[in-house]
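So that we are looking at the same thing, I have put the structure below in structure tokens.
Order of writing sets the chain letters: A, B and C. Residues in each chain are counted from 1.
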Amino acid sequence: MAVGQVYGKRPVRFLIGVFVWFFRGLPVLVLLFLFFFGIFPGLGLNVPAMVVGATVLGLRGAAYQSQIFRGAIQSVSEGQMIAARSVGMTKLQSIRHVILPQAVRVALPGWSNEYPNILTDSSICYAIGVMELMTRTSQIVSNTSVTMPIYLVCAGIFILLNFAGMRVLHLIEKKIQIPGFGTGAV
Amino acid sequence: MDQSEFLFQILLPLLMEGFAVTIKLIVLTAPFGLILGILVAVGRVYGSKPISLLCKGAVGFIKGTPLLLMLFILYFGLPSVGITLSAFVASLVGFIMCNGAYNSEYIRGAISSVKEDQMIAAQALGMTRMQAVRHIILPQALIRSIPGLSNEFIYLIKYSSLAYMLTVIELTGAGKMVATKYFEFTEVFMIVGMGYLLLVTITTIAVMLIERKVAVPGMTQSGRNMLDIL
Amino acid sequence: MKNNETILRVENIHKSFGDLEVLKGVSFDVKRGETICFIGPSGTGKSTLLRCINLLTQPDQGSVWLGDAEVTNSGKSINHFRQRIGMVFQNFFLFDHLTAVRNVEVALIKVRGMKPKEAREKALDELRQVGMEEWAEHYPAELSGGQAQRVSIARALAMNPDVILFDEPTSALDPELTREVLEVMKKLALAGMTMLVVTHEMGFACSVANRIMFMEHGEIKEQGSPEELMNDTKFERCRNFIGQFDQINGD
């Protein structure tokens, strides 16, 4: 999507722009309601809540990440494209072999920041009844009437997941780091 | 029932009520979130070791915990330790904590990007450390954090919808009620969505105007794309 | 104009950074209205010495006196002394978010508690002194190095300091911009401002300074008036040092 937005033709860019605007401008909760109660049943589809949640979070994540990636592509200097073309690569080849490998490294810190957002957003799927951590927690709370400790355990699990995920992303970042290129650590 | 009758006589009036609550949540959260953000950021950078650690831990906890869970803790959890908050107040507290924690990260980053020489020059003029932070470092840090802070404000607009999960009838809640009653999900949530997009778009424009107004040559980049901050 | 009152006394200043002893017991007196230039190879502690005077760097040993009051060990009132000891930095250190005039007035308002209107007048006065009045509303990023340095001189002047410390004020500037800054400094010296100047500008040192101090390896090795420097045999090392400069410049 990011590639389309930078290098694509006008209508392509416009369509992607609208898509991104829609998914980034709306609250997750509204998107979930819209797809779960509105669009999927409206199309006559009976889609389980789990799938709706994954679809919405996925599309939304794509919208956000395309923006991070777009910034990264644009940050790769014009000269790189010109140099790639000058050694006889096609535009597509230049993008694939020269621009993207650089852009990925620039974008990774941004992705690392996006990951906890998706993780915490996932809790909102509770609203349409997906059996995720949040839903389970609420069930236990209402069954046992012990509240605080259970909520805190739940928070602890989220924080742990968060931490673990960040570690992995940082490791990848370190692994693909090139001397003199980018800042490396966030 | 006639479509336009439903739209104008039932849906919009109810949604407007919800919209008003949404705006109330946002307008009440933003200033406190900003103040909290500034305090925590300054505490982390300039505070003594325990204060700095405390701020860091609190931010880590708030950022790591889903906002929805935080709201549940405030609304359903706190009564078990003897603190009962109304749904509206609990939402507000949760939003302020969340907004403040993220704001503090932007401001902290901006503070550390202010060069050391600014502090030295201020002290050479006879300012105390606190005066230098207040009059020299923070103004620069705040100018630099405008993009981040406005991003956070836009997030706030969107996550204000979570107040509905605590039974606060704001825009999303009002939409859900009407939609359930009249079984018009797609239409209603499209309009609800428009409401949020409207707020987000207005904010984006306002931010651009503010940025132009406080632009300092050599410190801010102008001419950012509108989509960049959406 | 000149009387013989000692305004600043520096006694036996020592300073080490880790294992490196930068200052090995530096002492001197400054009389009101004097201009003293510190010259010598780089890395001999000249800038550190200036920073020890207003305690931007804490000396390990020794004392600094402004008039009858001790600056070292002054605890919280150090900020009071810093108001009376102005400082001009090599890289200007203007406040990036403030216009030229706001740079000059900010300490007047926030530290001195002066009324904004009064402070503005005073700031514009000082900018006039350094020929920068027309640039009052410009931000640091819009000024040339020479202009920025003149604003920073105005900022120091505005506090009506007893002494101004100049830490290599022209080292970051092109020759042409250097001249406009040196002219301002010369004017100040003639007007009776007490100035300590760390500089590599020998021409300025010889024509403006009352005394020249030659520093090497953390000590003041030789000191005297510019005339003595030119003629007296005791200034051999200093002349050798300057000679190197002339050779380089001559080539």
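To be clear about the criterion, contacts are C-beta pairs under 8 Å (C-beta built on N, C-alpha and C of every residue); 3 or more make two chains touch, one makes a residue touch a chain.
This is a predicted model, so every value here is computed, not measured.
Among all pairs of chains, A-B has the largest number of C-beta pairs in contact.
Taking the mean of each chain's C-alpha atoms, the chain whose centre lies closest to the overall C-alpha mean is B.
With respect to chain A, maximal separation of chain centres occurs for C (centres as means of Cα atoms).
Distance from the chain A centre to the chain B centre is 20 Å, each centre being the mean of its Cα atoms. Per-chain Cα centroids separate chain B from chain C by 47 Å. In this assembly, the C-alpha centroid of chain A lies 55 Å from the C-alpha centroid of chain C. Residues of chain A in contact with at least two other chains: none. Contact residues on chain C toward chain B in their complex (touch as defined above): 54, 56, 76, 79-83, 86-87, 89, 91, 93-97, 106-107, 110-111, 138-142, 152, 155-156, 159. By the touch rule above, chain B contacts chain C in their complex via residues 117-118, 120-128, 131, 135-136, 139-140, 143, 216-219. Those residues of chain B lying in contact with chain A across their complex are 60-61, 63-70, 72-73, 76-81, 157-162, 164-165, 172, 175-176, 179, 185-190, 192-193, 196-197, 200-201, 227-228, 230.
Within the complex formed with chain B, the residues of chain A that make contact are 17, 20-22, 24-31, 33-34, 37-39, 41-42, 67, 71, 116, 119-124, 126-127, 134, 137-138, 141, 146-148, 151-152, 154-155, 158-159, 162-163.
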